[in-house]
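Going in written order, the chains are labelled A, B, C and D, and every chain counts its residues from 1.
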């Protein structure tokens, strides 16, 4: 049993962490905090939890929480997260940070992307990118895990096997992603007002979404020389559903690769992965099949001699955020990866 | 051709008025206003109108608008509306007010319901309740028409024929209403945030919704002695769709009334009404069939010796607000009632 | 560990049973069957289960399954269910039947309601109605549990405490229920075609839904003399969401009952119930808070001297079907009731 | 006034034609037909039309209809459509065919795509492709207009201006399209069953959708030498809404083209087009803004030196089908193009 605290329990990722931790047989949830003036029952914020926990959401007292909890999940906005990660790390706690603050290897990219100076550059060097299927060995021994963004998870799980296998790609990789509205967070806005986004679809942040540099960096790192210069075009769309991301990925093959080689590459990378489900040839995933799960379903097809389409489906709040955080937790603490996640 | 201005063009009722007025062959839309600091194209607020009108939404200058427009549609919040209705009336303009301010015969009921003192009591006495099918003669010559609320329209169109026919009812009349989210207005709130109201249904304002006294007063006025003391229970629900109200009405018959008498009553009241569609016996309406229209579809059934269920469906923004306002406008100016509405 | 088989695994209730059984720590799922010509992987029917189970959906071989499984969940249509329940019972298996076939005490009511002769009248006498919170003691020792319908569950959980407490009610009790579309089953129809039911709401089976006699019988049985003659009016509605039922219940109090007495009654009945969550005064439930759970959330309010509104929310596929079946299973086998359900 | 008949009035395109024709000031709707055994009121098929028309849907009697109607809208499935188009043409009627049967210049492409022999090859040569903004002059004098498919309309309106301007493109053009469920037609299927497609998104017909060759042929014809060999990758997705198509188009520029040149190209082609709305720089369309209209909203952005994203939004049933048919009708008969469409 590991004592766990969740910092940032009022947002959707925080809520999902609460849900998952309450069901996890090796987690004892001991504290929830957020930017609140005074403690309030989490079941007031989220009536879903009535009867399941008596925990209060409290102001964040790092010292006290460090004595209570061994592992800390942080689901705070970028910029804010840094301020809390550092003290928890210094007291020796293990931290799973769901913000963007520690995801980047190149701090400059972070600083440009988020238009802010990074205050914890040294710490950032020690952080491990928590894409479980690709970084398992490093995650195992890390003290600070930067849990990937929702869009990067959906995109990278489709792209990295190809890149890692050394297949040369022409620029650009195109990721056309479609997300449910919970991805926009819990704060009501005009865009997420029901009568505005229901019965409608739109693209947003075309050509400048913050997840684009994150995806790009991880492709470059994974691909070595072949992928060093490959460019990414990322187009997110908002669609009228609550949960799920479907990523339609267009890969331009710079060399001839046979269908059976693609099949073999995916099989080699994912054959032993519990949370990756490769669909049979010609089948493509639905987000419905992964909703409320930590699975990533993947289908693919060569639609032209040099064009490979890979389509991935995840639940943005589970595999795209809190579920993957718990998966990393399981890796760190030596529990089977699916513990508490099925 | 009548010159028309819309005051309060930034809300959903205002937007619907713009849509309807632009299509109306006898309306020349000359001004749009709202609480804005400086003029902005209405097509920026609502991209739907791009290419259809060059009109700006401007701050409300009563004097100027009174010289431009002969008829004024007001789609402002209650309380605020009073302040604008009075000066327009004094300059001789005809006013169609979509707020609650002038709907009540008994000012005390208004003041209790909305917890505010009414500032235009004299004016209120002259206002005519704009339920077109029941008040046509008074609407015709009125200078100030108080357009009914969305829920009252759906409820009253189902109840009034029975009450007017002299059928005695036992208390309470129960109106269980289900509304799309546009009924909650354009301002984003936690309740109307897509991930909160999608895939969910809830009742709200149970036992104390402001439309309850409005419906009740009109029943009492319509029914004479028989209905004077009948009580209303009104339970509104929010359901995950954008437009439409379905009102399921339970009427407790205090006397034996045969099915064919019910049929006859509805036929007598609505047989000549273009916008009321009586469904065949045993059929019940869907909101889908009335979406974007000014129709009210009505089905009914005696389900027990003394219990009559009447179900009505309207589009809350058309027959429940702006469409009915235009219908009243047509009555006032002598145009066929369906002008611009089909 | 109990070996379990699911008969009727291709429908939505069957699918939900598979989901719940796979997560249940005391259940070993050994067989799935349905009307199929030859075995096919359940993960082909439902891609959700890929990677979670290798089980096939097979034709129903009662003899073989009786040797494999100790407990049988049946999720078949009424009429068909009888044919399978009997042989399983005769081989000594415990049966949890989700159809309507064994829910009625009065066989005549069943036969009238479903317009069919009951072929297993003797067996029907031994069946226990599986409304867990009210029949726990009988369920414990029963061999045949008739799991309540979805609408009856939502209605009865709101009504029975009042009736059992001896509060006298005037006729009719009105249950205005709103259901998500999964309640209509898995077979595509015009009514459930997305473009038809999306953005729409309608009432259906007004005054003659088959769940009405089921609810009525259980009220009569629970209420003794006071409730013997009370009539029920049941109006189901289809709303554009996948899961959930909200039941708005109007109870006409034949005697004066204070608010604190209502509160006390609910508290006495449900204070110790894990799966019933009484909301604080003035709060009303949303279906969202119970989606994918076995909870029933209940709010209530006296809105007039003699009118009590009770509103209940359940997930129609969990507490309204498969979850309740598992809850009964837990009772029968002596597991804590929430085992596998949280 | 032109007498009009609609053949195939039971499907969604047919329904939309009825809606549009009823509002069209220059159309007298004289007959509706479909594959029915005996006549039935169209208002039984579609309660939306109750009170608006008394027309019956009748079996298709070509001779009789040819005497009644001057213009014929056909909304039949491909293959079936051919059988009716020919006799109507031979009797001198003008035909607006919404099927795929007469859209292709190369009959072989049609035959391969639809896996059927074309029975009216001579007639096919005379047909004019009814993409109004690009074929206006030919449409004007045509007797047989092949109204474009919904996806082709959304794609071509974004691509053709660039291609026609002589901009050289590298292969492939990628069109990632997202459609509401009404695009799948009126027949209930497992895919379009509400609980299956609600809260989900999926790609389908990846790499082999029948609209791909249609789009490709029109690009090739429009582009002359530059575009002759450009390949198209078309990926349609089904999303949980009723109406609308958003097409995200990725164009790989084979040469340097400045942003202002793109702007100029779009402006030159569409500056005078009523139904095409170019959005300001950096703005992208929503389907909501075009729902129930004949508009196509277009936004675009150069996101890399050689990559241009163009995004178009249409209502699949209006500009993507029936509205465009009416627009073509207006062109043929010399009415202003927006007649009956605003």
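Just so we're on the same page, a contact is a pair of C-beta atoms (placed from the backbone, for glycine too) under 8 Å apart; a residue touches a chain by one contact, two chains touch by 3 or more.
This is a predicted model, so every value here is computed, not measured.
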| item | value |
| --- | --- |
| Chain whose average C-alpha position is farthest from chain C's own | D |
| Chain pair, B-C or A-B, that carries the greater number of C-beta contacts | B-C |
| Whole-Å gap separating chain B and chain D, where each centre is the average of the chain's CA atoms | 37 |
| Between chain A and chain B, centroid-to-centroid distance (C-alpha), Å | 47 |
| Whole-Å separation of chain centres (CA-atom averages), chain B against chain C | 39 |
| Residue list for chain D, restricted to those that touch at least two other chains | 180, 198-199, 240-242, 285-286, 288 |
| Partner chain D, residues of chain C touching it in the complex | 12, 180-182, 186-190, 192-195, 197-199, 240-242 |
| Sites on chain B touched by chain C in the complex | 171-172, 174, 176, 178, 180, 196, 198-204, 206-207, 231, 233, 235, 237, 239-244, 246, 248, 250, 284-288, 291, 301, 303-304, 307, 309, 311, 313 |
| Complex contact set, residues of chain D against chain B | 22-23, 46-48, 50-52, 199, 274, 277, 279, 285-286, 288-290, 292-293, 295, 297, 342 |
